[in-house]
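Multiple structures are listed underneath, in structure tokens.
Same chain, two partners: subunit A is paired with subunit B first, then with subunit C.
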Partner chain A sequence: MILDIENLRVSINAKGTRTPVLRGAHLQLEQGKILGLVGESGGGKTMVCKAILGVLPESARIESGAIRFEGRDLLAMPARERRGLLGRSIAMILQNPMTALNPVFRIEDQMTDVLRLHAGLDRAQARARALEMLTAVHIREPERVLRHYPHELSGGMCQRVVISIAFSCSPRLIIADEPTTALDVTVQHQILRLIRELQRKTGTSVLFITHDLGVVAKICDSVSVIYAGRILESGPVERIFSSQHHPYTQALLDAAPRYDRPDTALHPVSPELREQLAREAEEFDRRVDREVAHA
Partner chain B sequence: MLEVENLHVALPDRGNKRVFGRPPLIEILKGIDLRVSAGETVGLVGESGSGKSTLARALLRLYPLSAGSIRFEGRDITNLDEHELRPLRARMQIVFQDSQSALNPRLTIGTALAEPFVSYGRASDSREALKLAAGLLEHVGLSASMAARYPHQLSGGQRQRVGIARAIALNPALVVADEIVSGLDVSVQAQVLDLLRRLRAETGMALVLISHDLSVVRALCERVVIMQHGVIVEAGPSETVFNSPQHPYTRKLLRAIPLPEVDPAWIDSVDIDEVAT
Partner chain C sequence: MSPAFLLRRLLLAVPTLFGVAVVVFVLLRIVPGDPIAMMVPGEATPEDIARLRESYGLDKSIPMQFVIYLDHLVRGDFGVSISLKQDVLTLVLGRLPATLELALVAITLSVTCGFTLALASTYWRGTWIESGVDAINSIALAIPEFLWAMLLILAFAVLMPLFPISGRIDPMRATAFATQFYLVESLVRGQFGLARELLGHLALPALALALPLIAVIARVLKSSLQEVMVQDYILLARIKGFSNLRILTREALPNALLPTITLTGVHFIFLVGGTVLVELIFAYPGIGNMLFGAASNRDLPLIQGVTLVFALLFILLNIAIELSYALVNPRLRH
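Right after this comes the complex of A and B.
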């Protein structure tokens, strides 16, 4: 298990009120696999990602739980050591490739900085590795791309660069937060294949955050569905996309149009289901409260 | 109702600014032919850079045309000036993708919705206009009390409903919806699509739905038009285009959609090599 999140509780405390954002979330990512974390906005996907990276907002408090990376709890680790993992052992692919890259530096500087800092390469070695990585993401003229600024490249090209940076230090875990949401559907297809190809080649594990169950079905080995800060179900994609799944997962599937089923009516997630899930979440909260008190 | 022939639009190339003088024009639309009948829903599909948003605006004469003609409700509007277009503006409306920037942040929802009634003389005073605005909110499934709120106090889905409400305020014959459900959660998207279906049935308006999502288009449109690089590469009844796509680009677009079914072969079915940009 490369990543094992256990009973993670996070709340936002603002103006004297406590709002739970993660209510005892469990998440398990096996070595060398892609785990999809799927749910609607506000469900807690990004909070999980921020908690792993240690970049939660100041108003957030981790109340309990553990985030074990390769068996060691990140939350119990000295800050310095934890920071040392980022970029090197744990890398990140963000949603918007245009903002993930610094607009005032050439691609070459942004790629080689990472390699010199995290992998200890010298300038020439870093440049060679950068070229190698750009070739690995199937960029045709890597030399030319190195000279460019981000704004001179298309969104799809920028995302290739971001992916090549993420993989360049041979991380053991990559967190990809909606990496294809901002892209055209054909570019998304290419980027998904690219991530899958590099992931297979390097054996890196990926936590893939998305709102799109279609993307999950195509790229992930397993999936966890999150709603209101609670993981509703987890399992291999074969099971979740067969008939046995949580009513909320079904509701998400029923809400999305499919071009191959034009006559199927679209149903938003019903208010009754949302109420039920909210009730369950509160109940779950109280149970975790009792467990914490007991312990 | 809407007939577009050989439409060409060229816009200033902002990536190629000059120190002096105007930037050179770059041709975005290269001869578009399009017909929309009264009450019809047409889907306009293409990727970024295909010119679909430019076409959306050009249809409503929001961009200068470099060639071609547009007829709307039997009248040639190609060369009408703003003054002559004004009465027609009530009949042709647009809903924008970014609902946040489409609404004035300083106006309450009620005031924003009351505006068209006043400026087109559909209400005798502002009180009546506000009353009409409240009715409009309920018509799109929001509570009339939303009128007192400001745009930033609404969720994305609610704001998009307001955008739709504003567009249908004056009973237009044509509404152009530019990517109005992208960026919304699937559940909210289902609600907005459902609202569009209902309004279309109730008002008989024609709808040009612009989207990069073929599944969204399939759910709503009788006819679909596929665009690439400023030209139409395929057009026809949705059923025909989706069941037997003729153009390779259409086939590529369809194949690229990830359906929620496990299919390990899908991911490798794309040419991964960088396309020339």
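Right after this comes the complex of A and C.
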């Protein structure tokens, strides 16, 4: 188990009131596997990523829980040591590639800085490694791309660069937060295939976040379904797609485009189901509050 | 930045300078006051006055005077000062280096202090350091440079006599210089004792000029930094494992520069304009001080000369500011 999140509760302070955004999340990612975290927008997926990386917004507070990376609880680790893992052992692919790269620096600088910091390479070695990585993400003319600024590249190209940065220091865990959501449909497929390919080649474990169960079916080994900060269901991909499951998962399945059968109608999640889930979430909060009050 | 752009901007300066020349010329002919009456002794006869008037070309019609003025101007002849009886260009160029050194020290001070305050208050956000910087900014902004000049004199020259009140350097020592750029020259020659004395004289006037600009830079840079710090690429930098200091200075700062230059650029021009009053208060021998003397003597050619030089300074400063946009923003480089 490379990543084991247990009962993670995070709240956000918005205008004086604390709102729970993660209500006891559980996640388990096995070494060398891809775990899909799926749910609608606003469900708390990005919060999970930021909690793992320790980059939650200032208004957020971790109420309880544990985030174990290779058996060690990140939340109990000294800040310095925890930061030492970033870039080197844990890397991330952001949702919007067009804003993920620093607009005032050339691609070369943004690829080599992390290599020089973590892999101890000198300028020439880091450049060679950057070229190697750009080739690995199937960028033609990598020499030319190194000289470019981000605004001179397309979204797909930027995402390839971001992916190559994430993989460049051979991290053991990569978190990909909706890495294809901001891209054109044709590019989405290429990027998905690329992540799968690199993951197979390097054996890196990946936490893959998406709102699209169709994507999960394509590249994940197992999946967890999140709604309103709670994990409703977890399991191997085959089981989620074949057997009995939570009504929300079913609703998500109905709402996902079927790439194999493009003519089937899409069914959005029904308002009744949303209401039921909201009630459950509230009840959950109350129960937790009671438990906290008793403890 | 293409040379063509630079050339175009420099060519555009010509009509601007022409406009300034016209406005100043006309204004000086409209405002009351007679330069000749102010220079002649009481016993002068009307004939004496008429003769003097003629020798300065003041007997001709105003349009004719202007044509002659322009004609001389394009040949590099700025005329002769009525009160000082010397070539205006020589006078102005002799004093300009002192003003340039003052403005340069003030600008360096503003940028250094402004940046330090903005970076410190962003780095230590939410602590007493941030509130302290905000308080300093509000005070520095609320007081104009000439008032600062008086307050600084009171505090650091009178109550605590740490700095000289006036002048540029002990006149006995001024003979040691080959150029008028005393500070630059003493630094180049490695005469650090002299440089220290010059800086001692510059400290209070430069600080008075710098304080409002320090506050403007600190405030604008701080708010641009805060906007930049929540961007995705800063998040990516944190995820790369960079230290907070490195993220602030190497990832965020270059992005915060552009809005800062855009929003503070005009204040650099205010600073140069502010040298006139500050030089006067500190009896600092620059062109601002000379302008004041020229104005009280109705020395028309000298006023016109100094004004044109100020206009040229403003134009060059504007071009420098625009050049710096391109320097900090790769999108503008093509």
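Note that in this section the second predicted complex is superposed on the first by the 269 of 295 C-alpha atoms of A that agree within 3 Å, B and C clash if a C-alpha of one lies under 4 Å from a C-alpha of the other, contacts with A are read in each partner's own complex, and residues count from 1 in each chain.
Throughout what follows, a contact is a pair of C-beta atoms (placed from the backbone, for glycine too) under 8 Å apart; a residue touches a chain by one contact, two chains touch by 3 or more.
Just so it is clear, the structure is predicted and the values come from calculations on it, not from any experiment.
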item: Fit or clash - subunit C, subunit B, common subunit A; value: fit
item: Which of subunit B and subunit C A:Val55 touches, first, second, both or neither; value: second
item: First (subunit B), second (subunit C), both or neither touched by A:Asp184; value: first
item: Partner chain(s) touched by A:Leu252 [first = subunit B, second = subunit C, both, neither]; value: first
item: Residue contacts with subunit A in the superposition, subunit B compared against subunit C; value: B
item: Touched partner set for A:Arg144, first subunit B, second subunit C, both or neither; value: neither
item: Partner chain in contact with A:Ser41 - subunit B first, subunit C second, else both or neither; value: first
item: Partner chain in contact with A:Arg123 - subunit B first, subunit C second, else both or neither; value: neither
item: Which of subunit B and subunit C A:Arg286 touches, first, second, both or neither; value: neither
item: Which superposed partner A:Lys201 touches (first subunit B, second subunit C, both, neither); value: neither
item: Where subunit B and subunit C come nearest after superposition, their Cα distance in Å; value: 7
item: On subunit A, positions contacted by subunit B and by subunit C; value: none
item: Interface residues, subunit A side, partner subunit B - complex; value: 40-41, 138-140, 153-155, 157, 160, 184-190, 192-194, 196-197, 211-219, 237-238, 241, 251-253, 255-260, 262, 266-269
item: Complex contacts: residues of subunit C adjacent to subunit A; value: 126, 231-233, 235-243, 251, 254-255, 328-331
item: In the complex with subunit C, residue positions of subunit A that touch it; value: 53, 55, 58, 83-88, 91-92, 94, 96, 99-105, 113-114, 117-118, 149, 151, 162, 165
item: Subunit A contact footprint on subunit B (complex, rising order); value: 47-48, 185-191, 193-194, 212-219, 238-239, 242, 252-263, 266-268, 270-274, 277
